[in-house]
Amino acid sequence: DNNKTPAAELARRESPYVLTMDALGRPATPAEVTAWDIDVRPDFAGLPPGQGSVSDGEEVWINRCASCHGDFGDSNKFFSPLVLGNITEADIASGHVAALKDPTRVRTTLMKVATVSTLWDYIRRAMPWNDPKSLSDDDVYAVLAYLLNLAYIVDGDYVLSKDNIAEVQARMPNRNGMSDDHGLWKVDGRPDVVAERCLRDCELGDKVSSSIPPFARNAHGNLRDQMRIFGPHQGINTVAESDP
Amino acid sequence: LASVIAPRALANNAGDPAILELPSWSRSLGNPVASRPYGMPSKYESNLQRRQSPGLTQTAQSSVSFSPLQGMFGMITASGLHFERHHQGWVDVDPRRHRLMINGLVKTAKVFSLEDLMRMPSVSRIHFIECGANTGMEWGNSAVPTVQYTHGMLSCSEFTGVPLSLLLEQAGIDKSRAKYILAEGADGSGMTRTIDIDRALDDAIVAYGMNGEMLRPENGYPLRLVVPGAQGVSWVKWLRRIEVGDKPYATKDESIHYVDLMPDGQHRQYTSIQEAKSVITSPSGGQKLLSKGFYNVTGLAWSGRGTVKAVDVSFDAGRNWYSAKLEGPVLPKALTRFNIGWEWDGQSAILQSRVTDSSGYVQPAMRQLREVRGRRSVYHNNAIQSWRVNASGEVENVQLS
Amino acid sequence: LASVIAPRALANNAGDPAILELPSWSRSLGNPVASRPYGMPSKYESNLQRRQSPGLTQTAQSSVSFSPLQGMFGMITASGLHFERHHQGWVDVDPRRHRLMINGLVKTAKVFSLEDLMRMPSVSRIHFIECGANTGMEWGNSAVPTVQYTHGMLSCSEFTGVPLSLLLEQAGIDKSRAKYILAEGADGSGMTRTIDIDRALDDAIVAYGMNGEMLRPENGYPLRLVVPGAQGVSWVKWLRRIEVGDKPYATKDESIHYVDLMPDGQHRQYTSIQEAKSVITSPSGGQKLLSKGFYNVTGLAWSGRGTVKAVDVSFDAGRNWYSAKLEGPVLPKALTRFNIGWEWDGQSAILQSRVTDSSGYVQPAMRQLREVRGRRSVYHNNAIQSWRVNASGEVENVQLS
Amino acid sequence: DNNKTPAAELARRESPYVLTMDALGRPATPAEVTAWDIDVRPDFAGLPPGQGSVSDGEEVWINRCASCHGDFGDSNKFFSPLVLGNITEADIASGHVAALKDPTRVRTTLMKVATVSTLWDYIRRAMPWNDPKSLSDDDVYAVLAYLLNLAYIVDGDYVLSKDNIAEVQARMPNRNGMSDDHGLWKVDGRPDVVAERCLRDCELGDKVSSSIPPFARNAHGNLRDQMRIFGPHQGINTVAESDP
């Protein structure tokens, strides 16, 4: 099977000419790597030096973030709330946010995130949303400190830095909330739901337990205009007709 | 023009006016070649377009547009109808300026231009891409009316590009230490994802081609990562960097989102693989069957673990199942089209499809998924889909228990 | 912006400005989803379009537009770049009004609407379509500069539709007498062609789908005949009628045109099959290689008699040949993409590809074709194509003897 | 192999429901078949009754055809000439047009066409080019009689009809000019050109015998604008540069 040949073998065996693919591409310069190698790992590899206080971060937040996330990170206008309470000292102690089990509670960013590095990494590469990669490293530390304070993970006088961020990690409320107990990483991983390929007189449940209520019939627009205008599969006119 | 709309009604005994009166296009000169140097669909197809689901997201740049599966055929997705999922909008990258960097656990960090990449050996492979959140709104209950919204974060194309394994080899990957790669995009979001080194060295592709031409801007022009079988967010668009590492990176889009909430309050993390799934695309929700009789029932099946082995279809809410015909070629980690005949007797009927893949895995019912994962898992909803054909002919999205 | 255009020139030791200075698309919010409900290619791709060949025809409605093979990847043709060949222009058929009639040696002459046809069992198959006149201008000498013009009456799509055999069965075809079918179009030209009953009952398709959506108007919307392996003119567009007969019909486009002049003054008639053929699409005529070193040499191969078995590539004007890698799946009567590595040393070199198909047939040299058919045969030119790379890097279309 | 199943078997075996595809589609009415069944075979099956004289045909020609094909069918403006001489009495006797062997002679419609039915069929379904299917059957006979007269196949006083068209067929100058001696009809037909799959030290001819002359370098437009603007395969600027 041609498609299973290792890539290098692939190139080398096809022609008697010396295949100098090595000339394709060139070594990256150190400055280039520095410019693009901006990721921060959970063990903080990649985290640049710097620092920022909660109060400095509040200023950055008001000027650069609040218009979308709200003064206290709880706005739902542009995106789901970053913080909204629902985190307790018991959570910080256990590393599992209990409110995640309650279907009536909104699940905010700070309730879910297990690794503070994720927040540092993401704020630096993507925020503000309409001006990404414009914050200095110190500003990122500062605004992250502010965000952590909103979630009661650090106090109001905290100064976040490369040197103490590991301590913050130890207080992340959901730091133990992630599990790798599943079969969806490896292609031959073991599935968690085992169904049977029943063919006759199967009992999988044949009672309708949910359907879209009549008042929502036109919630996605007139379905007649979303299907082909001819053929066997034309659309229901959800504006004009109710289902007889 | 009653006969135009209802072909079976004969206005008089002589026959259908659509035949007896020659249409204008049979009696005139048509349009020149290259009227459209880049062609477009017929104006009569304008109802088939990608659409947002109202209220799904707060902004249009962090949002989804869904493919109109209800009007599609075969396994290939028309590139103009390919679904979108962006976190910070899509961008128009100048291909002359774009670069790909490879760094990390390699002998030599490298930079490639598009010229470099297009000079290298390439492969062309047909693969599906499915967002992990596809069908996510249905975890709790029937939420949306048509297959475009229930399943439309799904597309399939022939991708062309350089095997990632070849690029890693060219950079001198340290295979004794490499366990993961980080893929990073050049857009505003700088989207990053951790990818299993096995996947990276197996069938992952650094792709520039899609269905015979370059990628579309919305799909990552001029370069994207293709990770067959993995959820769409791993297929980083506007790919600018690959880092080889020995630990996972816990990026935002695998730590705060794309994590699967379980009933005990834990989240499963790094759930990359899209498990086997199928759906009937016609008849499907929002359609209306106009008469009894024979219908070809058609749909799609796929698996991130291999090939589709079989698709069974039920017409009686899952009590009895019949083997559908698979259209070939049946390819690994690609969409497979299935078809089966059905005689509609005018009564209410509930139609379902269920795939079995090459690993032996059988697509589960919604109830079985919920028993293990609860109702708030958000992602990886690969449940059997049910469509109820009512006596009126209207088809609706229902869930069974 | 010298570094933008010449990626290898480093403006200073620090690195490429394209990397050190983040581009605007990395530092801003992008465009919303569904900005284009039906998407289009990047603006940077605008040079790739279908084009007329100046002076080839007197009118634009009886003419050709060629696919830009030089910029294409894989085996699938982007539908917007599909070649055109019309005799009386292309038309915009209203699908609600369109009908398909089957008459002749059948039990019951039938009429089908699109609704009928789309309710019937369907198949989805990937096939090439090549005009019989493809490369026809090259019979005498090198005439046109790029692969778009030498070979661009060639495209490949996934077609979906009803097997013609099923429709003929539904009409009650009299198999004891049927030897031919006549296919007829609904456009102004009413294009007709005689088709072998073996082909009709084997893999011919009455198709409505093309690469996942409906056919494009220029390609016959809403219905065309697909006759795998037969020259494009048999794939009647805007198909309105199929007649079953016992004698050939000698239609205009198989009696005055699409007949192959032989040296003795006779014309071969009913030469339907497209024999095995291949061509290197890059590097190819009109391109300019900018530097020495490694290049992936890529192209397409196909056969109307079956599958591609092997493609050999020569870099020294046909003296020595090497096996190219075929991209899978290798499908019958479909395009097959081939790739092979090459080290350009900066000297003049002549590149060729040569296919062998599953029947054992080997693609001939131009000289061998002329020895049998002369220079004025017009159609079925499947000769080996030669591209000369000059020391300047310019690539041109040459012929050898 | 699923794809090899006969179509009817295909449908029937997939479900226990009675598959009544027969209801899909409907019988064509006689008037419908008449409206669309317009083809004429070489044995004149399908040819409707009617007639037309050369002089009537001349009038139709002047009014409906000459603007594109010229008064005498020899114009090259919209399409290649229908007639242009090059046909002799010897051709009419033998049924092979000798001038087809002469590369210096233009090959016109009437030099090539073997079957007069082809002309009747085509004129009726497609001409005039900008007003197809507008001629009466009698007009088709007439204008075809005129065309045949231009080619000296019939005299100026001829009246073409269904009854005598077989006589015209017997005088078609190239009626014996078609051959089915080839392998391109059946998928397993025998090829006429047999090449060898030589791999080493082959002698297929390596001298360049043809290339595009420098004066034609830009005849297809600036090739730079027909290739991708980036990558290894950019286009030659055929306007600005001549090949060094």
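Letters A, B, C and D mark the chains as written, and numbering starts fresh at 1 in each.
In this text, a contact is a pair of C-beta atoms (placed from the backbone, for glycine too) under 8 Å apart; a residue touches a chain by one contact, two chains touch by 3 or more.
These numbers come from a predicted model, not from an experiment.
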{"item": "Chain pair with more C-beta contacts, A-B versus B-D", "value": "A-B"}
{"item": "Chain centre separation in whole Å, for chain D relative to chain B (CA means)", "value": "44"}
{"item": "Chain C and chain D, separation of their C-alpha mean positions in angstrom", "value": "20"}
{"item": "Euclidean distance of C-alpha centroids - chain A vs chain D, Å", "value": "62"}
{"item": "Multi-partner residues of chain D (at least 2 other chains)", "value": "3, 10-11, 21, 24, 26, 28, 32, 36, 129, 132-133, 229-230, 232-233"}
{"item": "Multi-partner residues of chain C (each touching 2 or more other chains)", "value": "8, 16, 19, 26-29, 44-45, 48, 51, 59, 71, 88, 95-96, 101, 111, 113, 115-116, 118-121, 123, 125, 188, 190, 214, 222, 240, 290, 293-295, 325, 327, 341"}
{"item": "Category of the chain touch graph - line, ring, star, complete, other", "value": "other"}
{"item": "Chain pairs in mutual contact under the definition given at the outset", "value": "A-B, A-C, B-C, B-D, C-D"}
{"item": "Partner chain B, residues of chain A touching it in the complex", "value": "3, 6-8, 10-11, 21-22, 24-28, 32-33, 36-39, 41-43, 45, 76-79, 96-98, 100-101, 103, 107, 109, 112-115, 117-119, 121-122, 125-126, 129, 132-133, 177-189, 191-212, 217, 219-221, 223, 225-230, 232-236, 238, 243-244"}
{"item": "Footprint of chain C on chain A - complex, ascending", "value": "1-3, 10-12, 14-21, 23-24, 26, 28-29, 31-32, 35-36, 129-134, 228-233"}
{"item": "Sites on chain B touched by chain D in the complex", "value": "8, 10, 13-16, 19-20, 22, 26-29, 95-96, 114-115, 118-119, 222, 293-294, 315, 322-328, 340-343"}
{"item": "Interface residues, chain C side, partner chain B - complex", "value": "4-5, 7-8, 16, 18-19, 23, 25-45, 48-52, 59-61, 63-65, 71-82, 84-86, 88-99, 101, 111, 113, 115-116, 118-125, 158-160, 186-188, 190, 208-209, 211-218, 221-222, 238, 240, 290, 293-296, 298, 325, 327, 329, 331, 337, 339, 341"}
